[in-house]
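Chains: A, B, C and D, in written order; residue numbering restarts at 1 for each.
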């Protein structure tokens, strides 16, 4: 963190400070681009919604908190923005006001508050055991103070990281994602799963690499437990998505598993794996937003929510399904598209890490889950474009252009970042190296 | 776990707790300084000062009254406030204000008045003046002989109740009205508080106060102690009378 | 002795005088006298606090010109001045916040009796804060108990009478034990003034004499006072008493009365017996364990409540657990954390009870959850107050609750061992449970009328439609409460500094 | 043997305190609870009075003649006497408030058993909920 901007300083331990470092800048760009695209989409989608003024108010406030979160320079500011981002993004989930949406919003709030409280516990300990408060690569724990009680700190580290991973949808605390997405309006669920889950990832990155420090956690039971948890989520997410008929819930389960790809890369504590994780953060945001906007377009124009209703829809909505297919291929990891490079670095990083079992088990699970991803995404496109003779083809018309434009941009992004990924990869490698 | 079982468990728990408590306390008392020995810890310079210098300084031959109304006067001010506040609580609970018609009073049988049994009323009429005189004597000589504001007030309060039972509600209420109670109690307590805050202020800031000690032994010898004794006696007797009238009739005069 | 050093005695005697004079005044005059008296005392306490902030040393104020070991004494330091300011400001705001309820709950002719009880309640709390003599402390503990019952009883319905009877009996067991421990201490040391007792106790401990009576006296003191301040196993009376009383009474009870007994216990532990001896005593572990149980059980009970005021009362039981956890840790940092929680909980809980009163006005006087649906929209002041209260309870940074949790965890971490593990576990569990039931309350009071699957009766529906007429005093009180909460949150560093220097002056 | 009888009044006081405490907790009838409370307080005052006693000494009321040269060992300790006086007034006022509470509770619930009163109140809560 080069120079810090102090918004409010109560005492040396308690201050709201902001500072831009590589990681923060990357997440800020990602958030901004996604927010603009989904915003354009939402201007059209709002004809379906009541209380549109309230929706856009909270839409922008959540963006404010996300930007502040990426620029946060110490644990306290990050926690404050994380907490307010939860409270401000919750009204977007209960936008329709139906009892299910209220129940889903309450569940979302409870899981996030539970996670945030564990994160708060992490802050108390880092405030006590830390040398300073500003995020420093390699960790800010003061070795003298930490000498006696590593075990205590490791437990707290595990709890705070598990707490923040509630927002990223890791295994024990993932249940809110599949319930929140189907009831939220399409732009809200696109933003919620594409970008807000990445806020959880950002907090975990900060806590692991810049509060406790990679060297402190490397090789400990904490790292092994977290890797196992992320692998369980990766596998479980794809399995659940495989059997799901409601389109948005299927995509929500796929989010759960894909974000755990990122977490797997973060937990292996190796520069190359971290590079793979950062790349996957960007690719997954682009792809998942594309998928959700596609699903939203289908719901908006033809009111079809279930995958079984989409047979032959490709002929009616060629552009939407075209982008949907491109994004699906990217997510599965087919080489020319975006997803492949990140999965490649993830596997390479995990293999070179050297943890006894997990170094090869990780890539195996990733590969298996990639197949499952193909299993639940490709049938939508295939049945969409080539319905069998027997079934009755679904009627419907193409989505308006204002909704298609963001999808096209995203699909283009998937292709561009797939083919010309080298400059992006180098920049991210520098950020990854700076973290250790 | 139904109600009886819970009650039995509670009873057993309480008895066990009490037995343990009593045994612990007996053990501690056994370790305490013995009864009546002259060199106990509490026979120290504090007690010596109150008994030896007390009478000259305050002019009160009765060291206990001297201590209560001069040295530890803040405690006793708190005391009178405890009495006053408990009277207020009894008012809050039992006073029936204004609109309660006669039948509610009858329903709660608060109009009950004992039939005036001739033997009792005659003996009360003989006793009342004697008890009043005795109460006043105890209060006035609080600092010279055993007694003082609290015990004198209690006796005067008892005399008022005797008067009430002897002469019945109407005669008593002719002079014991609600205004009288409020005004007299407020005046007594205000005098007490103001007088004592004067002595506290002058004492704490090192100014000399006019409170002379006079010649110990005669009535006006003890500076503020006599007036304070009277105030305390008034407060105590008024409180006793008002509490009795509240429980009995729910109000001073109807 | 500069003029401002007379503030302790002046504020106690002024409140006593006004309480006595209120007996003869009519309703309106009594109200104005009470407000002016409390405001004056608040201003005087602030002046005293400023005197200490400018470097004044703690001093003893002997009542009457007699020297140390004889008469009564008050002792004022920075911590006492801060606590006195807090108590008087919160009392004033609670009275203002609950004024509308006073008119409806209490009989017209008995309102001046209510003001007498409030004035004497504040007078006894200030006396407990300032006194340096344990028997004066006992006398004012009794005034505190009687007046606390007075303001509960003044609402005069079946619930309050039963609740105050249970409260009274439980408190009297507590003061019986407290009196016994005072007698033992007097019998063993021969003094009644706290500083003299401390010297005698230190000397006795050095010689090893009367060790058993001292241990028992300390234990009885701890048990007696924790019994009076509703530590968890003895808190069965608290939910009934605080939920049935009228809004301003429950605000004062929950916010202040419990705290005055705790402050007295801290004073007795650290000034009568001395920090060194108390830390070796087992009663602190007892308080710590019961505090931890209180934190968890209070929050668990609050989860199942379907009545807004009972929920707040159970959450008070939980928050009191925080204070006892701090005191139970034994270290100065622990006591500082306990004092921060005293300040934060006093303002937050009093605000929430006044806001609960506002919610009840907006929904036809009922306290049940199903009747106050959407009340947050009808009475925006109560809504915002509950939002601020929830954010503080969840532990959002720069709110009161966060500072408490921060200081308590840092105190626990320095202690280490099983105490540290248990208290941190309890803090996390109770924070999560508190978050759950406060968010539950927010969801209910902010539910939009058309979406709510209400089970409320038809009569209640038009009740909701009627525009609620809030009186300005209630609005001013809620706004001031919110500002006070934010001030404590944002100026927490100065609050912490006041408390630590106050504690160092305390001994 | 003399040691045991040395503190006889204090033993009696502590046993009385225990009896009062158990009565306060166990008695079903409220009036009995108040009686238990008074026993408890009176035992404390017995304990205090016993503490002030000094062997073969008289009450601390000096005669006007020997004002100059008072020998404090001849008199008992006045401080516990003052505390007892204050304590008695506290007990009186507390008992008065409790008795008036009992009068009101009896008028409202027509019973003197606190558990029954709570039972009635819980039943009232359940009716409101329906």
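Couple of notes before you dig in:
In this text, a contact is a pair of C-beta atoms (placed from the backbone, for glycine too) under 8 Å apart; a residue touches a chain by one contact, two chains touch by 3 or more.
Since the structure is predicted, the reported quantities are computational estimates derived from the model, not experimental observations.
Contact with both subunit A and subunit D is made by C. The chain closest to the protein's centre is C, with centres computed as averages of CA atoms. Relative to the C-alpha centre of subunit C, the farthest chain centre belongs to A.
Between C-D and B-D, more C-beta contact pairs join the chains of B-D.
Between subunit A and subunit B the centroid-to-centroid distance comes to 75 Å (mean Cα coordinates, whole Å). Averaged Cα coordinates give subunit C a centre that lies 27 Å from the centre of subunit D.
Rounded to a whole number, the gap between the C-alpha centres of subunit B and subunit D is 15 angstrom.
We define each chain's centre as the mean of its Cα atoms; on that basis subunit B and subunit C are separated by 30 Å. Residue positions of subunit A touching 2 or more other chains: there are none. Counting partner chains per residue, subunit B has residues 25, 32, 40, 42-43, 46-47, 50, 72, 75, 78-79, 82, 85-86, 89, 93 touching two or more of them. Along subunit C, residues 135, 139, 142, 146, 149, 153, 156, 180, 186-187, 192 each make contact with two or more other chains. Looking at which chains touch one another, you get A-C, B-C, B-D, C-D. The touching residues of subunit B, counted against subunit D in their complex, run 7, 11, 14-15, 17-19, 21-22, 25-26, 29-30, 32, 34-38, 40, 42-43, 46-48, 50-52, 54-56, 61-64, 67-68, 72, 75-76, 78-79, 82-83, 85-87, 89-90, 93-94, 108, 145-146, 148, 150, 216-217, 236, 239, 243, 246-247.
The part of subunit C that touches subunit B in the complex is made up of residues 1, 6, 9-10, 13, 16-17, 19-21, 23-24, 61-66, 69-72, 107-110, 113-114, 116-117, 120, 123, 127, 133, 135-136, 139-140, 142-143, 146-147, 149-150, 153-154, 156, 180, 184, 186-192, 200, 210-213, 216. Taken together, the subunit D residues at the contact with subunit C in this complex read 17, 20-21, 24-25, 30, 33, 37, 40-41, 44, 47-48, 51, 79-80, 83, 86-87, 90, 93-94, 97-98, 101-102, 104-105, 108-109, 114, 117-118, 120-121, 124, 128-129.
Per the touch definition, subunit C reaches subunit A in the complex via residues 394-398, 402, 405-406, 409-410, 413, 416, 420, 424, 427-428, 431-432, 435-436, 439, 443, 447-448, 450-451, 453, 490-493, 496. On the subunit B side of its complex with subunit C, the touching residues are 24-25, 27-28, 31-33, 40-47, 49-50, 70-75, 77-79, 81-82, 84-86, 88-89, 91-93, 95, 97-98, 182-183, 185-186, 189-190, 193-194, 196-197, 199-206, 209.
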